[in-house]
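Chain lettering (A, B, C, D, E and F) follows the sequence in which the chains are written, and residue indices restart at 1 in each chain.
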């Protein structure tokens, strides 16, 4: 997979390691390019090899600093298109503005739609992403979206351990579908933590656990965690309800400053995240374990390039 | 100017003071809105008053951190449009990506066009800006652009001092037109510093001064300065050529860290900048003086709102 | 409100009564137009009065036959725009394709986005709708969407009856937010019916009721019902859990053939719907009661036309 | 023609037979997909095989119920594009809204333009159609249109029979060009029936026959007939003018209810139609004979796929 | 009609007189602007007064040299929009590329659609034109088109003269509808000249006159004439059929070089044209008489500006 | 390079010779097409061979009459796209409206942006051009632009002659970058002629020569000349400054009427132009020599078609 016909995969400044890992899987070299974020705040990008008529994949998560990485992606897409790439696929493993922004409050922006429109204005031809917080935002794009799931990557870590006596925990009602999917694959049952938020960014309070967890081990699953707050609150409530060992898994682990200590002090024995985010606000504590999503992305990109089904990757 | 029919002027997080200054001139209150830049990197905006059917002006310079402010502008435009504003004018006093990006090197992005396309995708109806580095980028927009000049603001500071024995200095050949405009207004002559750059971001070297400066006071003018490098190099060269007192003036003073000391140590006696940029990497040294462009912007916005000519503001 | 400056409100063939009811509230006459659906299947529309420079509101639910009414709306929007209306607002009380179409199955269409794109291609300037199944689809539109809620209309019918001993029932976890909103207004508690679907269009099975309902009266709330299946299954389960009297309320009552008998035979004492749908597959049974949403829409259209806040209508 | 490189041809619910006939000609299997029109009026579509990177042809006439079939086409185009088809060609043998809608009356919609815009908004890359009522509507599309003619299909049925003593009859002046084309191929002369319509949908009255038909056999040709009215009125007038045997041929035979009896009782001995429409409002009477246009479409699709000239199909 | 709220009407280099005539009717002064067509071939335009927030009408026929005038219109639209006009209406009395370009021959351009797309790309908000050759091309535009008819202007010249013994002559079958409209207004009958063209630009041959003209005076009507060829050929044929006096009338008289002599030598006694075209290839011969369409356009522009019905102008 | 896979190169009426020269280099035949500019001013184009699925290059300079050639290009692009070409590249060697139109005067059009929008509206996929007056206008296009430089073509003519004792002259400060590039390749030094223009189209006055030219031979370089005015004024000034032999070179030689005599009488010994312009207002005088840019364009088109780097053509 390295001929003229091979895909060209470039990595932005937020996803250097992840891009190399994907390329290793595909036995190709990453494309050469350079990104500069100058001290006065400007971003500048340059592609360092010929891309005429090629199918280009540009890999970059919307990790911290999110807007710098978003703008960098836009500039790269433009550079590739003006350099006559045949197509440009934005591979954005973590799409930070991936919420639906339901507009249940007045006069806010629907941020994911703005991002979608800007990516399309810059000339993107396709999006590959993983575990969007609101899968409906695929409809914010006119271009095709390949939506991957971290489920097989994470489930592989738990498969041997988990059995019918475990429960998979949805940390809020919105996560029920995802929890059911994990439960189905792992052969466990689902319970739901009903959450309340008094205010927009306040810590969540877990009102109750719907389902019986007494004496059972529990795996809390979610698409992402920023500060670990919801996971920890859920874990505490599970303990109150006499659950056994508690584990957690999220596709995207942002883990802001202070998180490591809080997680370590929590009832969660192990948190599994994937490697979609490279920026670390602080070193990961030992209780966090990283499963690589790069092989999954490599498979997906190969299928996209070979024009075989991507959804088949997730058939059970 | 505060009725139902009045314009609504909102200021983003980069231009709070500048917006208040404009509103003071117009005797109206700034619109209420809130911008949040969260620690994990996301930006969130909310408009706090009804804008249905109103002509909204949103004021924000692309100051440091540039991309956060750019994305904030995009989200605000979207929020205003979805809240049914009749029109949204982006007032971006300093348009950081305002270079033409001539693509004289291959495979780079034309960044200002990307910005223009994103602003238009978000729904902007008009741009008001000042002293674009490359005025041609007005053509990157489909919407009307009102391009203001800092010239009258800055010239007012020098008018009494300057006479025929002064020279206005263009720090490179590209700035000749601008220097001529200042010279015309101030009744001085123009000289040109011919600059060379070995490399993209390296410090410029002044090859020669075209024109006689011996014994004359000099005013170096430019659209913006980041580190002061070009101004200082030009000033030194002018001293070599036996110029008298040396002054400098730029519309947009970015002035990154370390700049204060270098400027203070330079042969420049006084640098005049405007208040289009509020972010300060370090305190301004005493030799920098700030002239407010807010009255100019207030006049321009009033003319736009009243549908009278903006270009008339700059007729001599 | 009948001068040259008044809004012009036209009703399509699916919403003749509803349009007249709105106009009665606003004390204006509906605009004159004619819609023909010919026997060979073509649709033809004609506007019968001058609309130059006017703000036109075109009212039509996507009731049965859904696609005829969708296409009729598209033709009317085009006719109004070509006849030089200043703006055209599509008022679609029931937006039948209002699901997010999350694409959790491969190779399906995101139908609401297709509808949004077609409405925008035809020239629509704004959408007014009520109780979208997935509020996120506001993000499928670039034009502003005013999203109304049937809650005040329906709650008015129950306010005197309901107290703390009642429960509001979300018929599935997705409806929890809506049920909480009703509960807050009515001063009751929320319980959740957890539903399973074996297959896409199969009847739902209620797995369990989350929360205590024994001895309490219950109000099941939802955005719409097609065949009444979910409401009835929920009601039966509530009875098993020893609930007292059971009521139901939905914004949009499609009520296909056979529904009347099934509802009458069910434990539901009274079902309240609104008048957003005029097509009746069969006569309504006595246990169904209709609350008019026309006054709410009239208020919203007046506010849109007067450019005052619409969200204020729903502040508690 | 069945390899990876072969075209993929899918048929919608209105054109199942016609699609199979085309595929038989091309010796390929139709693509697998399912269309559902639910009893409450919604349409749902699903593609059942991988289409990544493939050239997809979707075949569906706008037959009764027209709008359901139009919306179904839009949903399929969207589904194919989101499933990453390389291109989607809409093959719409009968384009029901194919009139120019000249807007000689005020405040009507230009329906074919609305259809064109919706098809393009959904993502169509090309249209293949036959005998548009107003060929000018090709200009309503930005994408290429391949416009086929039923002439060779129908003329083949008459070639042996017709000679210089026959006339080809244009049933109104607008059909003169078409009639001339048939006459040229069949070696006959053209006469014109001048029609008047008192009102929009009223039956036409034939004012006069321009040209001599006395003692001559006649073939009336048109692009489509809905109720047979124009054909029958023309035939009667021809009989008054002492024509011999009378035949008729149209590309698209809609033939609404009651048509069979009226045609059988008319002076027309035989009406030839093609198989572009599968919906039958009632059984075809024996005097109607169906010539298949499927081989013609098969040839056209093969040429489009092989990138050879389609217009060459119609060179005489 | 000269206040701030008045329309601003500008005339391009092709329609200076016509614009002044319209303005005289409306009692306003034409807007000031300048157009230059340089000797090396470039076109340059400049607007000489403030147009912010104004409704601008730009008047220019596509007369010889057609493409210079088309490009001039595009540049003016852009200049007006960038100068912040609220709306720009292109008033193109003679739309030279107004044919449908049916694409009945392969691989040609649909020129009117290209013109429509360019006008819309430049930012036009509305088109006002008269007697399009193919009225269907209104559907090539997304913006509203106000289509005027020269009929009342021309008919006024013939009203006293014409009675039931006259015939109105359609010079080909395509003009039948137009001829009928004249006949209805003038109280005459219609006859049709059936034309053949051997080749694309060859002179037409009149095959026959459909209807009796013997002893009757005749008025030939058409939308435009370039060389007078069709009119003269029709007139000659009418003479052969023993018609009495022959008159002709067209909305747009291009009248290329040599035309004057040919018309004077022809059986046509008088040709009436309107003043939509100012370029004269040679002086008009005495038998050509010009009726001004300026009052009609003035009325239409006033109605557009006052937002009253334009179609009402043509109700009989 | 003549198989099915070969590019198809068509030449418009302005660039017949240039197209043949390119094709000769590539050993292919030009595509067959015909362009007609009728005496009444209309333009008509027709493609005479099948282009389905082919990569089409259409070659035409914007030479006199500029607007006819611009419109011809638009019609050809439309014809190619509707005839199903896979891609259409406009090869416009001289892009006459290639100035930035900086809008430093109010209420003018940004003409190059209008041209870009029209080309894109017509469906162009790429632009190839040479020596744009303002390279920034690449940003006016969304499609990729391949910008070639005449430098290697022209430099080849001077290479043997020029040495360190020569100067390359920029005829105004804006041309400094270009002059530096020539100087670098030719091993000479750069001097700058500072020009003033009193008025828009008035003859320029050379204020001074920046740099020493006494006793040196000089080569004045520019992107284009219309009347030769700037070149001659610069040459005269150089003579005043005691320069030796004076040569000039421009990429695009428009050379309007009267130019031949003026150039011949000037101090310029030899003017080298390329063959991008075929229209000659008068015969070229002996002192003008034409270097063919066709081999350069042939190389560029081959590289575009083979998807290898075009920028590599200009690496020194």
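In this text, contacts are C-beta pairs under 8 Å (C-beta built on N, C-alpha and C of every residue); 3 or more make two chains touch, one makes a residue touch a chain.
All figures in this text were calculated on a predicted structure; none of them were measured in a lab.
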item	value
Third chains touching both chain F and chain C	A, B, D, E
Superposing rotation of chain B relative to chain E, computed on C-alpha atoms, to nearest 5°	120
Reference interface D-E: repeating pair among B-E, B-F or A-B with over half of contacts shared	B-F
Farthest-lying chain, centroid of Cα atoms versus that of chain B	D
Which of C-E and E-F has more C-beta pairs touching across its chains	E-F
Euclidean distance of C-alpha centroids - chain A vs chain E, Å	62
Whole-Å separation of chain centres (CA-atom averages), chain B against chain C	50
Sites on chain E at which at least two other chains make contact	82-83, 103, 106-107, 110, 113, 117, 138, 142, 145, 309-310
Pairs of chains found to touch, sorted by chain label	A-B, A-C, A-D, A-F, B-C, B-E, B-F, C-D, C-E, D-E, D-F, E-F
Residues on chain A engaged by chain D in the complex (per definition of touch)	126, 138, 142, 144-146, 303-304, 307-310, 312
Touching residues on chain F, where the partner in the complex is chain D	50, 52-54, 81-84, 123
Complex interface listing, chain A residues touching chain C	100-104, 106-107, 110, 112-113, 117, 134-140, 142, 145, 147, 173-174, 176-177, 192, 194, 210, 309-311
Interface residues, chain D side, partner chain C - complex	38-48, 51, 62-68, 70-71, 74-76, 78-79, 82-83, 96-97, 103, 105-111, 113-114, 117-118, 120-122, 201, 226-227, 254, 256-257
